[in-house]
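Multiple structures follow.
Here subunit A shows up in two complexes: once beside subunit B, once beside subunit C.
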Partner chain A sequence: MTTLEDPTRTVIGEGVDRVDAPLKTTGAAHYPNDYTYPGMVHAALVGSTIAAGRIRSIDASEAQRAPGVLTVITHLTAPQLERGPMTLLGPSPPAPMQDDRILHYGQHIAVVVADSPEQARHAASLVNVEYEPAEALLDIEDPRAEILENPWGLDSERGDVSAGFAQADVVVDERYTTPDNTNNPLGLFTSIASWHGDSVTVHDSTQWPHNVRTSIAQIFRIPESGVRVLAPFVGGGFGAGLRVWCHTILTAMAAREVKRPVKLVLTRPQMFTSVGHRPNSVQHIKIGATSSGDLTAIEHRAISSVAMEDDDYEPVAAGSAVAYECPNLLTHDRQARLNIPCPGSMRAPAEGQGNFALESAIDEVAHALGMDPLELRLRNYAEQHPVLGLPWSSKALRECYTLGAERFGWSRRTPAIGSMRDGDWLVGYGLAGVSYPFYQVPCQARASLRRDGSAYVTSAATDIGTGTYTVMTQLAAECLGLDLNRVRFDLGDSDMPYSPQAGGSGLTGALANAVHMACGNLVREFLDIVRDDDASPLRGAAAEEVTASGGRLHRTDAPDQGEAYTDILNRHGLEELSADGRSTPPDPQKIGMATAGAFGAKFVEVRIDPQLGLLRVARVVSAIDGGRILNEKTASSQITGGTVGGISQAMFEETATDAGTGRIANATFGDYLMPVNADIPDMEVIFCGGPDRATTVGTKGVGEVGLVGMAAAIGNAIHHATGRRLRSLPFTIDQLLL
Partner chain B sequence: MKHVDTPTRPGEATSEIPDVEVTLNVNGDPYRMRLDSRVTLLDALRDHLGLTGAKKGCDQGACGACTVLVDGKRIVSCLALAAQYDGREITTLEGLTDDGEPHPLQKAFARHDAFQCGYCTPGQIMSAVSLQAEGRAGTDADICEFMSGNICRCGAYPNIRAAIRDVVSEANDASV
Partner chain C sequence: MRPFEYVRPAETEQAVAAVTADPRTSFLAGGTTQLDLMKDGVLDPQRLVDITRLPLKGIMHADSRVHVGALTTMEELAADPMLRERLPFVREALLLGASTQLRNMATIGGNLLQRARCRYFRDPTVAACNKRNPGSGCAAIHGIQRMHAILGTSDQCIALHASDVAVPFVALDVVVHVQGVDGPRAIPLTQFYREPGTTPHIENVLKHGELITEVEIPLLPEGVLSHYLKVRDRVSYEFALTSAGVALQMEGDIIREARIGLGGVGTVPWRAWSAEDVLRGATVSAESFQAAAEAALEGARTLPGTAFKVELAKRTLVRTLETVAGASS
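The block that comes next holds the complex of A and B.
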C-alpha cells in the first residue's frame, strides 16, 4: 500500500486550507451554544460569595415565584450523585451540590431553570443565601495549608547534587513565581441536555466527548450506550474542556427534573471559577556550572496551588529532569491545598511555568559565566534521554537552535547589557529552549469507502482549532489514494469510535496512527474481496504489493494492473466496505528509544522605553521540531497561536484573587488582560527535523510547544536590554520603570 | 414581514417586565418581534431569529465576537438592547455572502488561516468589513489598532492582518 514516504505524495504536509473554513467563515459552524431544541428551557447558576464555610440557609422561594421559573435546585433538593470516574487525567471533579459546605468562591450552590435566559438570570439573583463563613486559606505559602509531596511520583534524583554544586564555579540560586492564569477560551462553555427516558443527548464544550459520556453514565447510573455527546465545533478549550465540570452535570440533572431540554451557558465571570485555571507556582531553582560552561548540578523545587477536595496534574519542576545533560539533578514537586476553584490543565500545563524558571536561570548562569546563552545550551545538549538513558526517537533541537539563530540574526547580538538601541528604545535579544514531554494514549478510528468512491472516516475526537478535521482528511486521502474532496473526516460525536482528549499535544499522533491503520485495513478488506476473483487484476495481491492512487488500487510494480474501488464494490454488489484502526502508544523499552515530544527554540527581540516602562515584543522566531508536519499551514498556526499564548503569559495574564474573600477580582474581559491585535508582531515559524521514529505516521504534537519558552525568552531579552532580571510573571510596567 | 414571538407558557403572565414590539431589518429582511425588553440585540439575533453567526464571548462588550453592522457601522450587539434598534438595518455574517458567493474577506480568512477555533471569526470578519468602510485599513498600524477590539484567544492575529491586507491590496489593484 501507499507509504507515507512515497515521493509522489501530494497531500500530506501541504498547507491546504482548512476543510472547515467555509463553515467557520460563514457562521455555519455550530458551537454548543448555537443549538436549540423544541421546548428548550434555560438554566442559570448561583455561585457562592464566600470562599470557605457553610450555607446556613438558602431561601429559593422568591426565585421560585419569579416569572417563568420552572425549578430552583439547591443542595437541599438535589438528588444524591456519585462522583464521576477515574480518567486518564486523574479523578473527576466531586459531584456538585451534595452538602452545605463551601470550599471556594463561585462554587455552584443553586441552579435556576426558567423559560428564557433572561428570566433564569433574574431569578438566580433572587436566591437568598446566608452563610456561616470560615477563614479561607488562599495563600500558596500559608503554613496552615495541607501539602501534598510528590503527588504524581514524578520527582527525579540522579547523581549527587551537593557534590555537583561543590564542583561549580558559578551557582545561581533564585526564586521564581508565576501567577494564576485563566484559560478563557472565547466560547462560553455551554451544556445542553435533552433526556428521552433513560437516554440523554448532551451538547458540551468539551475536548473529550467520550469522557463526558462515561461521566454522565456513571453519575446518573445509566448505560453508556444511552448517552450521546456532541461537540462538532468547540470555541477553544486550552485545557478547560478536558474535564467534566459541575455545570455539565447540573445541566443534565436539571433537564431530568424538569423533563425538558435545558441549556446552560456560563457567564464570562463564571468561566473564571468553573472550568479550571493554570495554578500559581513558587519555584526555587539552583543551577551550578564550571567556568567552562558545563552544568554540574540542577535542583528545581516547585509548589503549586490546588483545590481543597479535587486534583490537578501539574508537575512543574519535573520537566527540568530531561532538558539538559547534567549528571547531578533533583526535582521536587508539591501542591498546597487552598480554598480556590480547582486548577486544571491550561495550554502547556506545568511546562509553561517550569520552563520559565529553568530557562531564565540558565540565562542567569550564562550571564554569570560571560558566555553566550546559546552556546551554553548547546554545550549541555542532552543527546540521550537523561532519565531513561535511551536515544530519543527524534530530536532536532540542535537544528532548531542553529537554524533559528540564523533566521533571527542572533549573531548580531552584542552581549553587553543595554548595548543595543534603536532611538529611544532599548533593544534586547533573548532565547529559550523547549523540550516538550511526549504524551499519547490509545485511539480508534473507522474508515468506510462508498459505492460512489468517496470515503468517510470518523473518530470521536474534537477539533478545538487545532486543524484535526483538515489533517485527518489529508492523511486519509493520502492513505486511500483519493482526492481531498472525495474524503470526509468527521468527529465530535461520542457514538463514533473511541478517541482520547484533544490534550497533552497527544491527539494528532494517536489519531493519525489510528486513521492510518484504519485506511490500511480498509485496503486489505478490498484485497480480501478480490482474493479469488478471476475478474480482478488484483487477485491474490497482498497489501504490501499494492499502491492506492487515483481512486484505485494497483500492483506497485505494475501500475496498469489494478482497478477502481468502485469497480470492486459494484462487481461484488457491495454498498460500502469499512475497517477499523487503533493506535497504542509505543513502549520506550520495547522500541529501545525514548519517545520524544516536540522540541523548540524561541528567539525574541524586545523593545523597552526606559522612561515609560513600555515593553514591546518586536520579533519572534520559533524553530520547532514537530516530527512529521501534516499541514504546514495549520501547524504554523498552532505555533503562532501558542506563541501568542506565551507572550500573554509573559506580559499580560494574572488572575487576581482577593486576599480577604477569595473573590476573583478581575473576572471580566475588561479587567483580565490578554493580547489584542496591536500587541502581537508578525512572527516566523520554521520546522526542523523529520518524522519521529516511534510511530508509523511520525507526528509530534504542536499544540502546546509554541507557548513554552516565551516567558523566559522575553525575560532574558529584558535582562539583555536593561540588566533587570524579572523573576515574577507577568512582566508589568511597574517592574520595568528604570 | 415575518413574525417571531417570544415563547410563553399558556395562561401565565410572561413577566413583570413589559414586552416590547420591535422590527429588526436583518440582512435585508424585516422581522417583527415581541420580545422581553431585556433581550439584547445579540440574543434576539441568535435565540429568536436563529442567526447564530454572531457569537457571545463575554456578554460585556469586551471581546468583539458579537460584532454586527447597524446601518453600516459596527457595534458590539451584546451591549445593545434589541428594543433600541427598531427599524434599523442590521447586517450579520450570514448576510455577507452575495447570492451564495462569499465576501472577499471570507475567502481571504480561509486562505490565510486567519482563525483556529473559529469562534471569534464572525466578529473579526464583520469588523474587517467595517474597517474598509471606515478607511482604516490603509496601513498595518491602522489594521492593528482598529482590529484590536476583537479578541482572538487562539492567537491568529498575524494571519488576520494578512487576510485584511490581501483584500485591501486586491481592492486597490482593482481600482487602479
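The block that comes next holds the complex of A and C.
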C-alpha cells in the first residue's frame, strides 16, 4: 500500500490551511462557553483569602437569600468525594471542599449556583468567611519547607563529577532563578455538567477528554460508560487543561445537587489560582571545561515549588543529562512544599526553566574560554544518547546549528562585548541549543469509509490550536488516497477511541501512528472483502501490493487494475467499513535506538539602549528538527507561537505573589505582562532533518520545542551586547540599566 | 448582581444636579475605568448619570489656546492638526496611552479623573487600602511596588497617577473648567490634584457633583519644541515606569524657558518645578541636564520595589531634554 515515502504523495507536508479555519473565523466553532442547555443555571466560586489555616466559620445565609440563588455549597454541605485517579501525569488533584483546611490563597471554599452568572458572582461575594490563619510557607527557599528529594526518580549521575571539575581549566558555577509563570490561555476555562440519573455529560476546557471521563467516574463513583466529555474546541491550554481541576468537579457536584445543568466559567484572576502554573525554580549549575573546550563535568541542581498536598511533574535539571557529550555529570531535582496553588505543566514544563540555566552557563563557559559559543556546542555534540548509550532514532541538531547559523548570519558576530552597534543601540547576538525529550504514550483511532466514498476518522484527542484537525485530515487523506475534502477528522469526544492528552509534544506522534494504522487496517478490510471476489481486479491482492489513490485501490505495479472503494461497498451491499488502529510508543531497547524528541537551535539578535535599559528582540531564527513535518504551515506556526512564548518568558512573565498573604498580586491581563505585537520581531523558522526512524510516521512533536532556548539565547545576546550576565528571569528594565 | 439605576440627561445642569444630590451617584463618560471598577466590586454607585449626550464634545481654537470639550475622546484630540504643529508632546502622550480601542472610548475629562491602577486598590478582597477604605492601611507599601509612585507619596498611600496626557498637561499649565450646582469655576491642573497625605481617598479638589466641562490647553509659543518619552516594560499598551514631557524655549544654546512634567513617578501628575528652575537660563550641556534631573527627583521616597525608578526617571528626563535640545539646535 501507499507508504509515506511514496513520491506521488501530495498531501502530507504541504502547508495546507487549517480545515477548521472557516469555523473559527466565522464564530461557528463552539468552545465550551458557547454551549447552553435548557434550564441551565450558573455557578460561581468563592476563593479563600488566606493561604494557610482553617475556616473557623462560613456563613452563606446572606448569599442564599440573594436574588436568583439556588444553592450555596460549602465544605459543610459538600458530598464526600473520592480523589481522582492516578494518571500518566501523576496523581489527580485532591478532591475539593472536603474539610475546613486552607492550603493556598484562592482555594475554592464555596460554590454558589444561581439563575444567571451575574447573580451567582454577586452572591459569591456575600459569603461570609472567618478564618483561623496559620503562617503560610511561600518562599521556595524557606528552610521550614518540606523538601521532596528526587521526586520522579530521574536524578542521574555518570562518571566522577569531582574528578571532572579537577581536570577543568575553566569552571562556571552560578545560581539561576526563574519565577512563577501562569499559562493564561485566552479562553477562560469553562465546565458544563448535565446529569441524567447516574449519567453525566460534561463540556470542559480540557486537553484530555478521557482523563476527565475517568476522573468524574471515579470521584462520583459512577460507571465510566455513563460519562461523556466533550471538548471539540478549546480556547488554548498551554498545559492548563491537562489535569482535571477542582472547578470541573465542583461543576458536576453542583449540577447533581440542583438537578439542573450547571455552567461555570472561571474569572481571569481565578485562572491564576485554579488551573496550574509554571512553578518557580532556583538552580545551581556548575560546568567545567578544558582550555580546548571539552566539557569535563556538569552538575545541575534544581529546586521547584509544589503545592502542599498535590504533585507536579517538573524535573528541571534532568534534561541537562542528555544535552551534551560529557563524561561526568550529575543532575538533581527537588521540590519544596509551599502554601501555593498547585503548579502544573506549562508549555515546555521543566525544559523551559532548565534549559535557561544550562544554555546560559554553556555561554558563560564559552566566554571564559574565549571560544565561539557555537563551536563549543558543536565540539561537545552528543552523537549518541549520553544516558542510554544508544544511537539516536534521529538527530539533526548539527544541521540545526549550521543551517541556522548560516541563515542568521552568525559569522558576522564580532565576539568582543559591546563591539556591535546600530546607532546608539548596542547589538548582541546569542544562541541556544535545545534537546527536547521524547514523549509518547498509547493512542487509538478509528477510520470508516462510507458509501459515498468519504472517510470519517475519529479519536478522542483535542486540538488546542495546534492543528490536530488539519494534520490528521491530511494524513488520513494520504493513507486512504482521498482528496482532503473527502475526509472528515473529528475529535474532542470521550465516546471516540481513546486518545492521550495534547501534551508533552506527544500527541501528533501518538495519534498519527494510530491514524496511519487505522487507515492501513481499513484498506486491509477492503482487500479482505474482495479476496475471493471474481468481479474485483484486486482479487487476492495483499496490502503490500496495493496503492490507494484517487478514491480507489489499485495494484501498485498495474495502476489500471483497481477499483473505487464505493464500487466494493456497493457490490457487497455494505453501507460502510471501519477499522481501528492503535499506536504504542517504541521501546529503545527493542529498536536499538534512543527515541529522540525534537531538537532546535535558536539564534537571536537583540538591541539594547544602555541608558534607559530598553531591550528589543530584533530577529529570531529557529532551526528545528521536528522529524517528519506533516504540515509546513501549522508546524511553523507552532514554532512561531513557541518563540513568542519564549520571548514572553524571557522578558515579561512573572506571577507575583504577596509575601504576607500568598495572594497573586498581578492576576489580570492588565497587570501580568505578555508581549504585544510590537514586542515581537520577524521570526524565521527552518526545519532540518527528516522522518524519525523510531515510528512509522516519523513525526516528532513541535508544540513545545519552539519556546525552549529563547530565554537563554536572549540572555546570551544581552551579555554579548553589554557584558552583563542576567541569571534571573524575566529580563526587565531595572536589570538592564547599565 | 448589584442593581443600579442608569439615567442619561441631555442638559449639563441636570447631570450636575443629579450627582450633587446623592453621594452614591456617579458620572459615567467613556466608562473605561468606571465600569471595570464596578465589575470588580471597587465602586458601588447606586445610580450612574451617563453624560455622553451632554454638549461637551469638540475642540475649539481661540487666543492661542485649545479648548477641549471634556467628552472629546483621546483619539479625537490626538487627531487635531493643531496638536501636531504646536503641542507635539501632548499628541505623543495621548497616542502612547492605552490602546486604540480604549482611546476611542476614553474621554479627556475621564482621563484626568482616572483611578489608580494599584492592584491593592482594585481588589476588594484586600482589606488594607486607605484609598478604598480610609483608615484600613496600605497593602501596597508591603506588597509588589514596581508600578507605584516615588514622589508625593505618604505613609498611607503610594498609588501612582498613571495618566500620560496629564504629564504634558501639568507642564503646560492647562486649566480645567468645571461646572457645579453653584456655577462654573476654573482650576489650574497644577492645583487640581491632591497628594495622598493622610487622606488618600480624596484625589482632587472637585466637590462631589462637580463636572469637568472643558480642558483649556495653552499653545506653546511658535518655535518651542517638545517631546514626551515613555519608558515601560513592553513597547505598547502598558503604563509608564517613568516618563517625561518636556518643552524648551531656546535661544541658541541657552534655555530661556523650560516646562517639565514627569509620569510614572508621582501620586499626582508631576510638575518638576525645581528642574525648570535649574534649566531656566542655563546652557545646553550634559551637566545642566543632569543637574535638572537631580533636582527633579529630589525628595523621592523609594521602597525596595521602586528603588530603580529614581535613576530611571533621571535618565528618562535627561534623554528627553537631549532630544528636545538636539532637535532645537
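Observations, loosely collected:
Heads up, the rule we're going with is that the second predicted complex is superposed on the first by the 738 of 738 C-alpha atoms of A that agree within 3 Å, B and C clash if a C-alpha of one lies under 4 Å from a C-alpha of the other, contacts with A are read in each partner's own complex, and residues count from 1 in each chain.
One rule holds in what follows: a contact is a pair of C-beta atoms (placed from the backbone, for glycine too) under 8 Å apart; a residue touches a chain by one contact, two chains touch by 3 or more.
This one's a predicted model, so the numbers in the text were calculated from it and none came from an experiment.
Legend: residue contacts after superposition of the two complexes on their common chain; A:G642 is shown touching subunit B, with no touch to subunit C. Of the two partner chains placed around the shared chain by superposition, subunit B and subunit C are both touched by A:S116.
In the superposition on chain A, A:A656 makes contact with subunit C only, not with subunit B. By the touch criterion defined above, A:D20 reaches subunit B but does not reach subunit C. By the touch criterion defined above, A:P67 reaches both subunit B and subunit C.
When subunit B and subunit C are set side by side, the one touching more residues of subunit A is B. In the superposed pair of complexes, A:R158 makes contact with neither subunit B nor subunit C. In the superposition on chain A, A:H30 contacts subunit B only, with no contact to subunit C. In the superposition on chain A, A:A678 makes contact with both subunit B and subunit C. Residue contacts after overlaying the shared chain place A:R268 against subunit B, while subunit C stays out of touching range.
Shared contact residues of subunit A with subunit B and subunit C: 67-68, 116, 118-119, 122, 668, 670, 675-679.
Considering their complex, residues 17-18, 20-31, 33-34, 36, 67-68, 115-119, 122, 184-188, 233-238, 265, 267-268, 464-467, 633-634, 636-638, 640-645, 668-670, 674-683 of subunit A touch subunit B.
Those residues of subunit B whose C-beta lies close enough to touch subunit A in the complex are 6-9, 12-17, 36, 38-39, 43, 46-47, 50-60, 62-63, 65, 92-94, 96-97, 102, 106-107, 109-111, 113, 115-122, 125, 143-145, 147-161. Within the complex formed with subunit C, the residues of subunit A that make contact are 47, 49, 67-68, 116, 118-119, 121-122, 125, 269, 611-614, 616, 651-652, 656, 658-660, 663, 665-666, 668, 670-671, 673, 675-679, 732-734, 737.
Listing the residues of subunit C that touch subunit A in their complex gives 1-2, 41, 117, 119-120, 123, 125-126, 139, 142-144, 147, 231, 233-238, 241, 308, 311-312, 315-316, 318-319.
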